[in-house]
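These are the structures, in C-alpha cells.
Below, chain A partners chain B and then partners chain C, in two separate complexes.
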Partner chain A sequence: MKKQNLMQKIANPKFFMALTDKLLPVITFLAIGIVAIGMYLAFFVAPVDYQQGHTVKIMFLHVPSAWLGMMGYALMAISSLSYLVFHHPLADVSARSCAIVGAVFTLLALITGALWGKPMWGTYWVWDARLTSVLILFFLYLGIIALRSSIDDEALASKQAAIMAIIGVAILPFIKISVEGLNIPWLGLNLPSWNTLHQPPSVLRSGGPTIHSSILVPLLINALGFTLMFFALHLKAMRNEILRRKIKSLKLAEIARIRSYESTIANF
Partner chain B sequence: MRSFSILLLRDIRVAFREGEAIGTAIGFYLIVVALVPIAVGPDPKLLSKIAPGILWVALLLSALLSLKRIFKTDFEDGTLEIIATSSLPLELTTAAKSLAHWLTTSLPLVLFTPLAGTIYDLDTITCLVLILTMLVGTLAISFLGSIAAALTLQTRQGGVLVAIIVLPLYLPTLIYGTVTVSITSMPPGDPWPSFLLLCSLSLASLAIGPWASAAALRHQLQ
Partner chain C sequence: MSNLGKHAVFIWGSYVIAFVILAVLIIWLVSTGRAYAARLDDFKTRGITRRNRNNNQVEK
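What follows is the complex of A and B.
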C-alpha cells in the first residue's frame, strides 16, 4: 500500500473524526480563554476614545466578525474548488459548514456595524460603500445556502453550491471595486468609490497600522480568539455533518436489508 | 458553427412563437415604469433625476422573470439532453441559449426604453446614453443569468432563488450602468471610465457565463 501523506490522512473521515475528537475541546477552550482575555483588555484596559466614548468598544466585536466573514468565504471557496477537483466528500462537508458559520459572522458584522452606526453617524444604516459590499457578501452566502438546501439530490446540491461559490470568487473583485473604488497610484489608476462614509481600513494597510497599540493589541487578541472560535464552530459543524451522513447511509442500508428480506420471503 | 446558428435561430423562433416570455417581460417593465411616478409623485425634476436608476432596476427585474426559461422548458421535455448529445460542445450550447435570451428578452426591453424615457421627461442625450449602457449591460445580464438558470434547474422552488443567486452578480453592472448615465447628465465629470468598465464587465461575463453554466449543466444531463 502507498504511504499516505498528512493531507491524505486528514482527508480520511475516520481519522478526521478521531483527530477532531481530541482537538476540538482544546481549540474551544483556547478560543473561550483568549476571547475572555481580549474582552477584559477591551473593556477595562483599552482607553475610551475621546470622540466616540464607550461605543468604540463595539469595534472589538465588529472588526473580527467582518474579517472572519471574509475569511469564511475564502475557506469555503478553497474547499469548493478542492471538492470539484478531487471529489473528496470531506471538502464538501467543509464548504457546507463554512457557508453557515461564515454567514453568521457576516451577519454579526452587519448587526454590530448598525449598532455602532447609530451613535456615530446618527442612523442604523447608510448606503456606505463598505457596508454595501459586506451586505452583498451576506447575500452571496444566503444564495449558496439556499441553493444547497433547495436541491433534493445531495450530490447534485454539493456540486451546484461549489460552482456557485467559485463564481462568487470570480465576481467578488468586481463587486468590491465597483462599490468601494480602486486606487493604484503606480498604475495611474484611480476609480472613485460608489459612495463612502466609512473610515478606510486602518489595521491592514501598507505603511503600518494607524491605530494606537493600546487599542491594537486587544483588537488583535480578540481577532485571534474569534478566529479560533470560528474554527471550533467549523470543526463542530463538520463533525455534525459527517455524523448526519453516516446516519443517513445506515438508514438506507437498513431499508435495503429489510427490502431484500421481504423479497426473499415473498419468493418462498 | 452551423449547428450554433441553427440552435440560436431555433431558440429565437420558439421564444417568438410562444410569445409568453417576451410579453411578460415587456409588460412587467412598462408596469413598473408606470407605477413609480404614481407612487413617488409627479414632480418632473425628481422623476428625471431618478429615472436612470428606476429604468435600470425595472430592466433587471423584468429580465430576471424570464431567466428560468433559458434551460427549464428544454430540460423538462428532454430536448436539452438531445442537444447535449450533438456535436456542439455544451459551452457553445449555453452560449447560444444565452445569446437567444439576450436577443428575445433583453433587446426588446431596451427598445422600449425610449418610450419609458419620454414618460420620465429625459432629455435626448441622457436617453441615448441610457440606451447605450443598457445595450452593453444587458449582455452581462443574459450571460450571468444563464449561470443562475443552470444552477437552479432542479430546485424545488423557482423564482426567488434565482433572484437571490443572481442579484449579487448583477450589482457591478447596475452600478456602472447608472453611474455612467448620472455622470453624463450632471457635468462636470468623465463618463468614459465607468462606461469602459461596464463594457469590460460584459466581456468578462461573456467569457465566464457559458463555461460556468455548462459546468453546472453537465452533471445534470446523463
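What follows is the complex of A and C.
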C-alpha cells in the first residue's frame, strides 16, 4: 500500500477531525491569550497618537480585521482552485467555511473603519476606491454564501461558488493599489493612487513600516492573535461542515433503509 | 484607559460591536456543532450507518 504524505493525511476528513479535535483548543487558547496581551498593550502601554489622539485605539481592531478579510478571501480562492483542480471535498469544505468567517472580519473592518472615520474625517463613509472596494469584497462574500444556499445540487453549487471565488480574487490587488497606486518600472506600468481620504499603508509597504514601535508592536501582536482566532473559527466551521455532510449522507441512508423495508413489505 | 477623550464613544462603540459580532459567530458555530453532534449520536443510537445505504444499493 502506498504511504500517504502529510497533506494527503490531512485531506482525509477522518484524520482531519481527529487532528483538529486536539489542535482547536490549543489555537483557541493561544488566540485568546495573545489578543488579551495585545489589548493590554494597546490600551495601557501604547501612547496616544500625536495626530489622531485616542482614536488610534480603533486601529488595533480595524487593521487586523481588514487584513483578515482579505486573507480569508485569498484562502477561499486557493481552496476553491484546489477543489476545481483536485476535486477534493475537504478543499470545498475549506472554501465554504472561509466565506462566513471572512465575511464577518470584512464587516468588522467596515464598521470599525466607519467609526474611526467619523471623528477623523468628519464622515462615516465616502465612496472612494478603498472603502468601496472593501464593500465590494464584503458583497462578494455574501454573493458566494447566497449562491451556495440557492442551489440544491451541492456539487453544482460548489463548482459555481468556486468559479465565482476565483474570478472575485481580482478585488484583492485592487484594494491594495487603491491607496498607493502601482509602479512597476520594468513593465512601464505606473498607476497613480486614487483620490482618497484613507491613509496610505503604514505597515505593509516597500520601505518598511512608518509606525513607531510603541504602536507597531501592539498592532502586530493583535494581528497575530486575531489571525489565530480566524483559523480557530475557520477550523470550527470546517468541522461543522464535515458533520453536516455526514448527517446528510446518513439521512440518505435512512431513506434508503425505509424504502427497502417498504419494498419488502409490498412484496409480501 | 478610563479617559479616552471626546471620541470615547467611537472607540468603545468599535470594541463593543466587534465583541458582539464575534460572540454571535462563536455561539452560532459552537451551538451548530453541538446540534450536529447530537444528531449524529441519534443516528448512531438508531443503528443507521452509511453502510446501510451502500448495502441497499448493492441489494438492488
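Everything that follows uses one rule, which is that the second predicted complex is superposed on the first by the 246 of 268 C-alpha atoms of A that agree within 3 Å, B and C clash if a C-alpha of one lies under 4 Å from a C-alpha of the other, contacts with A are read in each partner's own complex, and residues count from 1 in each chain.
Methods note: a contact is a pair of C-beta atoms (placed from the backbone, for glycine too) under 8 Å apart; a residue touches a chain by one contact, two chains touch by 3 or more.
Everything numeric here is computed off the predicted structure, so don't read it as measured data.
*Asks:* Between chain B and chain C, point out the one touching more chain A residues.
*Replies:* Comparing touch counts on chain A for chain B and chain C gives C.
*Asks:* Contacts for A:104 in the overlay, against chain B (first) and chain C (second): which applies, first, second, both or neither?
*Replies:* Second partner only, chain C.
*Asks:* With the two structures laid over each other on chain A, which partner does A:20 touch: chain B (first), chain C (second), both, or neither?
*Replies:* Neither partner.
*Asks:* One more residue to check, A:79. First (chain B), second (chain C), both or neither?
*Replies:* Neither partner.
*Asks:* Based on the superposed arrangement, let me know which partner A:44 touches: chain B (first), chain C (second), both, or neither?
*Replies:* After superposition on chain A, A:44 lies in contact with chain C alone.
*Asks:* Once the structures are superposed on A, label A:158 by its partner contacts, choosing first (chain B), second (chain C), both or neither.
*Replies:* neither
*Asks:* Could you tell me if A:170 is touching chain B, chain C, both of them or neither one (first, second, both, neither)?
*Replies:* first
*Asks:* Just to be sure I read the superposition right, which of the two partners does A:178 touch: chain B = first, chain C = second, or both, or neither?
*Replies:* First partner only.
*Asks:* Spell out the residues on chain C that touch chain A in their complex, using ranges where they run on.
*Replies:* On the chain C side, the touching residues are 1, 4-5, 7-8, 10-11, 13-15, 17-18, 21-22, 25-26, 29-30, 32-33, 36-37, 39-40, 43, 46, 48-53, 56-57, 59.
*Asks:* If we count contacts the way the header does, which residues on chain A are in touch with chain B in the complex?
*Replies:* 136, 139-140, 142-143, 146-147, 150-153, 156, 159-160, 163-164, 167-168, 170-171, 174-175, 177-179, 191, 194
*Asks:* For chain A, which residues count as touching chain C in their complex?
*Replies:* 43-44, 53-55, 57-58, 61-62, 65, 100-101, 104, 107-108, 111-112, 115-116, 118-119, 229, 233, 236-237, 239-240, 243-244, 246-247, 249-250, 252-254, 256-257, 259-260
*Asks:* Show which residues of chain B lie in contact with chain A when the two form their complex.
*Replies:* 144, 147, 151-152, 154-157, 161, 164-165, 167-169, 171-172, 175-176, 179, 193, 197, 201, 204, 208, 212, 215-216, 219-220
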